[in-house]
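We call the chains A, B, C, D, E and F, going by the order they appear; numbering starts again at 1 in every chain.
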Amino acid sequence: MALIPTFATPPGFLGIERRDPGAAFTIAGIPLDIGTTNRAGARDGPSAIRRASRMLVDGAHPHHWVEPAATMDIADAGDFAIVLGDLAASLAAIEAQAAPLKHLVALGGEHGVTLPLLRALRKRVGEPLGLVQFDSHLDTWPENFGQRLAHGSVFYHALDEGLVDPRRMVQVGIRSPMGRDVRDWTLARGVTIIAAQEALETGPAAVAERVRAVLGGGPAYLSFDIDALDPAFAPGTGTPEVGGFATWQVQAILRRLGGVRFAGMDVVEVAPAHDVAEITSLAAATVAWEYLALLGAEGG
Amino acid sequence: MALIPTFATPPGFLGIERRDPGAAFTIAGIPLDIGTTNRAGARDGPSAIRRASRMLVDGAHPHHWVEPAATMDIADAGDFAIVLGDLAASLAAIEAQAAPLKHLVALGGEHGVTLPLLRALRKRVGEPLGLVQFDSHLDTWPENFGQRLAHGSVFYHALDEGLVDPRRMVQVGIRSPMGRDVRDWTLARGVTIIAAQEALETGPAAVAERVRAVLGGGPAYLSFDIDALDPAFAPGTGTPEVGGFATWQVQAILRRLGGVRFAGMDVVEVAPAHDVAEITSLAAATVAWEYLALLGAEGG
Amino acid sequence: MALIPTFATPPGFLGIERRDPGAAFTIAGIPLDIGTTNRAGARDGPSAIRRASRMLVDGAHPHHWVEPAATMDIADAGDFAIVLGDLAASLAAIEAQAAPLKHLVALGGEHGVTLPLLRALRKRVGEPLGLVQFDSHLDTWPENFGQRLAHGSVFYHALDEGLVDPRRMVQVGIRSPMGRDVRDWTLARGVTIIAAQEALETGPAAVAERVRAVLGGGPAYLSFDIDALDPAFAPGTGTPEVGGFATWQVQAILRRLGGVRFAGMDVVEVAPAHDVAEITSLAAATVAWEYLALLGAEGG
Amino acid sequence: MALIPTFATPPGFLGIERRDPGAAFTIAGIPLDIGTTNRAGARDGPSAIRRASRMLVDGAHPHHWVEPAATMDIADAGDFAIVLGDLAASLAAIEAQAAPLKHLVALGGEHGVTLPLLRALRKRVGEPLGLVQFDSHLDTWPENFGQRLAHGSVFYHALDEGLVDPRRMVQVGIRSPMGRDVRDWTLARGVTIIAAQEALETGPAAVAERVRAVLGGGPAYLSFDIDALDPAFAPGTGTPEVGGFATWQVQAILRRLGGVRFAGMDVVEVAPAHDVAEITSLAAATVAWEYLALLGAEGG
Amino acid sequence: MALIPTFATPPGFLGIERRDPGAAFTIAGIPLDIGTTNRAGARDGPSAIRRASRMLVDGAHPHHWVEPAATMDIADAGDFAIVLGDLAASLAAIEAQAAPLKHLVALGGEHGVTLPLLRALRKRVGEPLGLVQFDSHLDTWPENFGQRLAHGSVFYHALDEGLVDPRRMVQVGIRSPMGRDVRDWTLARGVTIIAAQEALETGPAAVAERVRAVLGGGPAYLSFDIDALDPAFAPGTGTPEVGGFATWQVQAILRRLGGVRFAGMDVVEVAPAHDVAEITSLAAATVAWEYLALLGAEGG
Amino acid sequence: MALIPTFATPPGFLGIERRDPGAAFTIAGIPLDIGTTNRAGARDGPSAIRRASRMLVDGAHPHHWVEPAATMDIADAGDFAIVLGDLAASLAAIEAQAAPLKHLVALGGEHGVTLPLLRALRKRVGEPLGLVQFDSHLDTWPENFGQRLAHGSVFYHALDEGLVDPRRMVQVGIRSPMGRDVRDWTLARGVTIIAAQEALETGPAAVAERVRAVLGGGPAYLSFDIDALDPAFAPGTGTPEVGGFATWQVQAILRRLGGVRFAGMDVVEVAPAHDVAEITSLAAATVAWEYLALLGAEGG
């Protein structure tokens, strides 16, 4: 019997061929990388993550027993338009494109894309969001080499603009060199920081418990910077920091977040030119699939 | 103005989003590689060639002044189904899927796929085809390590079954080690062989003239094994042979084939796992684009 | 004094130059990959594993204090013949070649090769085998995209044909998406499944204890799919799944399996074209070396 | 005798440790890539070109018999500052930094950097410049996906602003798909276009003669987009086009440009993340070294 | 505001531009690799580690809250001269160049460079040194394929020459195949060996405690062979052994070594040609930065 | 029928399993690279060239119609022993191992190995040899960064010791930066130098004619440094220089050297860690196979 094996899966995320943005969940790529401060190439993240997701098309999630590609109401709307060479205008365009979508699962692109996504979502939900951020960097610098809107300032603005409720915000996996003043500013706002060393020594269950406690019962957002993973697990990224998570650990945390009222998510900073054997793209695809299965298990 | 730059081109060949197979030209991937005798991975050729083709979406061909993606009637039907682990059944399935298409531009996959494509086309046109084969190998061995249907026997069967008119068949770029008996058999059938060294020393214009003379005025087929190019230009292939063409030389030959009554073509043996910086995939995409522009310039 | 350093080790496994298959242990490569469902290239696994094994030639195992290359009765018989493009015929040929060997350590090649190896071994030992399978996939699907014999159905047939005693069979590291019906069928037969998350949270000692308990005292087989390791540790494989073992963890399990009556083993699914710096090949070579040293320490 | 071999050459271009910008020739990197339309990463071009240039430190040029690193007055001023995520502001900053330099040899970075370099140089020399542009693209599009300042519009602006004398401007190696209107506009201004196919068929000597004739006796500029080379010779670039030059051919052209009154040059679009074995970086370093040796041979 | 982003950091370690060797800490590369027994290329380690260190320039260490590049007295003296093709003469040259430096942080190069560094430091401190060696190999073989001075004999000589106090010497991460006689000889001298499996099962805190206990209060040296890390975390090395540390674990150990009287350190065996996405180089740079921050936190 | 396809060819050169050195032709690897001045790794050349040669096992040479693996008297003796870290001692050991062989085809390893091979051959033939050297470098420097015996001095010594007759010595493809004094010294000895640009502009036939004229009728040696090829065709080498040969051109030259009385050959400087898709190794294997077929066609 002639069939299409995994290697010839159609190119949408999880092989999804539905393109209209009216679904309960919309996948969209956001190929922006002009605000990155070290290695370039996150523009190619969306297509690589889609390609890598072919491994996750067939079969149910082995914990939630949901089969996102087969049973959930998901479309892949393709990539957002951006403005070449103009970060400010690109962020405005991204916000406009995100606004009408019901529940966006965004594939970056640099972390800078999260700011307009939070702006659009804040309007939709009508209140500040809870936020769990997996990352090796705080991303609460007030500017990056002179640029206020680049990928290291996303959460400075998100806090400053009231998009996120700092008491319901938790950063997991932090470990880069950082200005102590930046960290103190972040803590002073009420944000919870779980450093990588602490997370790795205490284990996924303890981390998940803290994350759940911080997020509470309000609407929440998941922003997953792939550099939260150790470079061994995610070499294909722009600002790698050694000393991070193994992928199984972030899966173990995510699987324990049932009941959180997630309203959107992104996985960002995949730079395929620096990847090997698609391992970073597959990790990113798996994170988005974990998120979908988590919500699908709750009837999402 | 927010737009989709080249790097975010939709995933069809030349960014083509039309999928139905009713167009004047149909692109289809054929992800078969189980008959390859050396390095594996041609199954991933179609998706890599499509991705690389994004460089060829915008603008007209600089010789034929045709813009295939914008002005020609082309669909990308996706990949053909195959039968995992069964070469004979896969070839039968490929023939069945090719049969209804008006004019197929096939993206391989191994060279073995050409046999069922010729079988289907022979039936459609009602007479033996002319054939120009770019290749480093004769591919007229009667068998390959015990397998009659693998990629080194394609044209043995094509000749044996009368799919191709040997007096209208020309092989260009031949240079691998070969059994002298195999070569003598091929020549005895009336096939024209232009060895790589001869082609490289006489230049593209002379080669094109010979090819045109052999093909004559009947219906013809172009089968382009990417290993016709030197491994420097096409490292991403399974059975590389040094001493081949530079890409500009095959372009110079193809551009001189106006007037030939082409009825179909394939570009095969792209194995992306062995490629670097997409150069092999881009060369293959360019060959298909040259073919389309050549025919488009003649109102094809 | 002029000598041959590690980098110039002769090309047999562990530098072994003895080729005849009459030894107590026979290493053989099985370069089959035509039943793989995602990335190709496991055909090149045997040569890459042999090359990588040069790091393990000199010196004793640091736990078992056995020096396999120097003191055990081992030959490297080279690679098995296969039938190009024909999975069914290849499996038959593999079984025939395995049958006369005393104790085979097979270097894959895809996981599909395990089925004929179990068939041959079942005949030799005269009873169903115990089995410990390291893998991210159950491999008990009844078919794979229409092909009954491909690499995802190995243990469906092994159970169905009575080659393995399901009550003495344990799968370690399972984590891929899977049909719940396939899992339920497997469990219903009596097979023990240790999911990756469970194995990673409980640790190697607890896993080893369970494995030993399941295997019991009868003859047993070790089938090690390299994708049991996380892609960070084994990128060079065809169907990677994130969230797997670190290599030290599988070593910690294997070293605790003393006393099990192993009658054969394989390490499969190494696809060198996707590897980096030989790390996957070295991991696979190390698994085979751990197995040899384990048995050598018991006078094997 | 303990010495520093080639592999430990200090990190300046040609190992040059002088950093002040007061030299007769100043090397500077311009790590801009936010206006690139396809693959990213030209920001890393300067450091990679410098590293690759270690092969050119010792010994004289084999045609001009000049030893640039040893006998010419050259400094390496490091990299220019840019404005992250803001193309327009970056171009302004580049112009300001280029203005005070006597004779700049710029290492890109994307081709967009040439516009501010020409603006600065036009002011310095007081008249429109002659220009020889090696490139696979015209780069005279009025805009790029909505962005007027990106790398495909450099020479549209250079012509539009009167920075370059179109009758003294020649483009060599052109071969990408292109709008026929864009080409016609360029030709209508008086620019000479030498297509890649034409250049490859007529040979370096004929091309050099035409270039010399177009440039004439006034001040001239060399802008070398590394994608003028075929991707086989320069895979590490963002917008590759097959069918280009071999490196020896551009060397053969450049060596015949003695007597041209060059006032500055750049080599751009090296994207090291896509390179292999430094071959693109070495080609770019060699182009800059050819330029220096050409001028050094004339007492420059 | 135009600035130099991370990607254009000047090429010294941590972007340090001070070159004179009179600083409190001197970084130096030692590009020696002619005594390596397996894969070559450690000669390129110093330049790759420097380049990768750009990620660690800005911001304070997240545990010690020291910012080495900004606040410590550090110079980067470039690379040491060596004698091509002559290991004995190279070691003598290295010792001579190390002798006048106050506190050397050496970037290898193969592990063989540690011997002359210890010889120079032994003279400077006037007593045998304590030593903590992270490594997968004992490196106490009396010779390596006939060569007494190659990278596997470093600590044989260090012990034999009285450079190191064996009771204050601890080897962490040992796991390669090894001669039992070599291990017994090492233990008999009083050296402490912490095998990789033991270290991984007991965790970083326990290991750090043992290391501190062994090192005691006298002057000590840190020699970090990057192959102490698992190949997943450090593929770019010459003699990889699977089953090693994750990077976070060695960071967790190093951060607990406050109070040890370190007098020098090296990080060796980085072979960039085998690296992927700079992860090995970044791990090595991070180890040196951890060391500097540890000492900086104590006013070093 | 189960058979061994190309991908499972046994590991000897051309799959040759005969190992004794008594054959008419002996293949031997010489894994030396400690005298290389830029990138390392030629030690891995022999094993990579052997592996790549599997493409050349089956079938006759398409010009000479000889099938070396099947019909010539060839053994593959494995790799020579060397002395780790000691260039002088290694050269002595190489000479001793080469001395008893009838006709050696050596696979390098760095170019330094040619000196002891010429010393041994000079003794065997009893007169100075003719020499054709394909190379981008003269290799007649009197020393290399203080080392007299490294790879850039091979032919200085060969001339100085009277191993080669300078009037019968021709260097083809020269193009690196070079000391004019070194070149003048070489020319003054009577050596013929054919620069790369000259060779490329005049074509293979003219070059071959000059080579034949220089070599004359006496015993001759072929030394082929793979960097004679352009880095596009041979990226996997240590001291690349752009502007070199395409592989077909060197084949066209070699095929015209019938009648030369060759007494030995080497192909050197293949560094697989820098290769892509085996193209350099395959080019090197092809050069050795061209040599064998040339001699085989003359009954050699």
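As a working rule, a residue touches a chain if its C-beta (ideal position, glycine included) is under 8 Å from a C-beta of that chain, and two chains touch if they have at least 3 such contacts.
Per UniProt, the chains are A, B, C, D, E, F = Agmatinase.
All of these numbers come straight from a predicted model, not from anything done at the bench.
Asks: State which chains count as neighbours of chain C (Agmatinase) and simultaneously of chain F (Agmatinase).
Replies: Per touch definition, common to chain C (Agmatinase) and chain F (Agmatinase): B, E.
Asks: According to the touch definition, list the chains common to the neighbour sets of chain A (Agmatinase) and chain F (Agmatinase).
Replies: B, C, D, E
Asks: I want to compare two interfaces, A-B and B-F. Which one has more contacting C-beta pairs?
Replies: By number of C-beta pairs in contact, B-F is the larger.
Asks: Report same or different for the chain B (Agmatinase) and chain C (Agmatinase) interface, where same means the shared residue numbers exceed half of all residue numbers found there.
Replies: Copies use mostly the same positions to touch.
Asks: For the interface formed by D-E, which of the candidate pairs B-C, D-F or C-F is equivalent, sharing more than half of the contact pairs by residue number?
Replies: Equivalent chain pair to D-E in B-C, D-F or C-F: C-F.
Asks: On a CA-centroid basis, which chain has its centre farthest from chain F (Agmatinase)'s?
Replies: Of all chains, A has its centre farthest from that of chain F (Agmatinase).
Asks: Just the number, please: Cα centre separation of chain B (Agmatinase) and chain E (Agmatinase) in whole Å.
Replies: That pair's centroid distance is 54 Å.
Asks: Just curious, how far off is chain C (Agmatinase) from chain A (Agmatinase) if you go by their C-alpha centres, in Å?
Replies: 36
Asks: Counting only residues that touch at least two other chains, what does the list for chain A (Agmatinase) look like?
Replies: 1-5, 7, 37, 39-40, 43-44, 83-84, 144-146, 230, 232, 246, 274, 276
Asks: Can you work out from the touch definition every pair of chains that touches here?
Replies: Pairs satisfying the touch definition: A-B, A-C, A-D, A-E, B-C, B-D, B-F, C-E, C-F, D-E, D-F, E-F.
Asks: Of all residues in chain D (Agmatinase), which touch chain E (Agmatinase) in the complex?
Replies: It comes out as residues 1-5, 7-8, 10-11, 29, 31, 43-44, 46-47, 50-51, 78-84, 89-90, 93, 96-97.
Asks: Using the touch rule from the top, collect the residues of chain F (Agmatinase) that touch chain D (Agmatinase) in their complex.
Replies: Contact set of chain F (Agmatinase) toward chain D (Agmatinase): 37-40, 144-146, 174-180, 182, 195-197, 200-201, 230-232, 235-236, 239-244, 246, 274-276.
Asks: Touching chain D (Agmatinase) in the complex: which residues of chain A (Agmatinase)?
Replies: So the residues of chain A (Agmatinase) touching chain D (Agmatinase) come out as 33-35, 37, 39-44, 83-88, 112, 144-147, 149-150, 273-274.
Asks: Note which residues of chain B (Agmatinase) are touching chain D (Agmatinase) in the complex, please.
Replies: My answer: residues 1-7, 54-63, 65, 67, 203-205, 230, 232-233, 246-248, 251-252, 255, 276-279, 282-283, 286.
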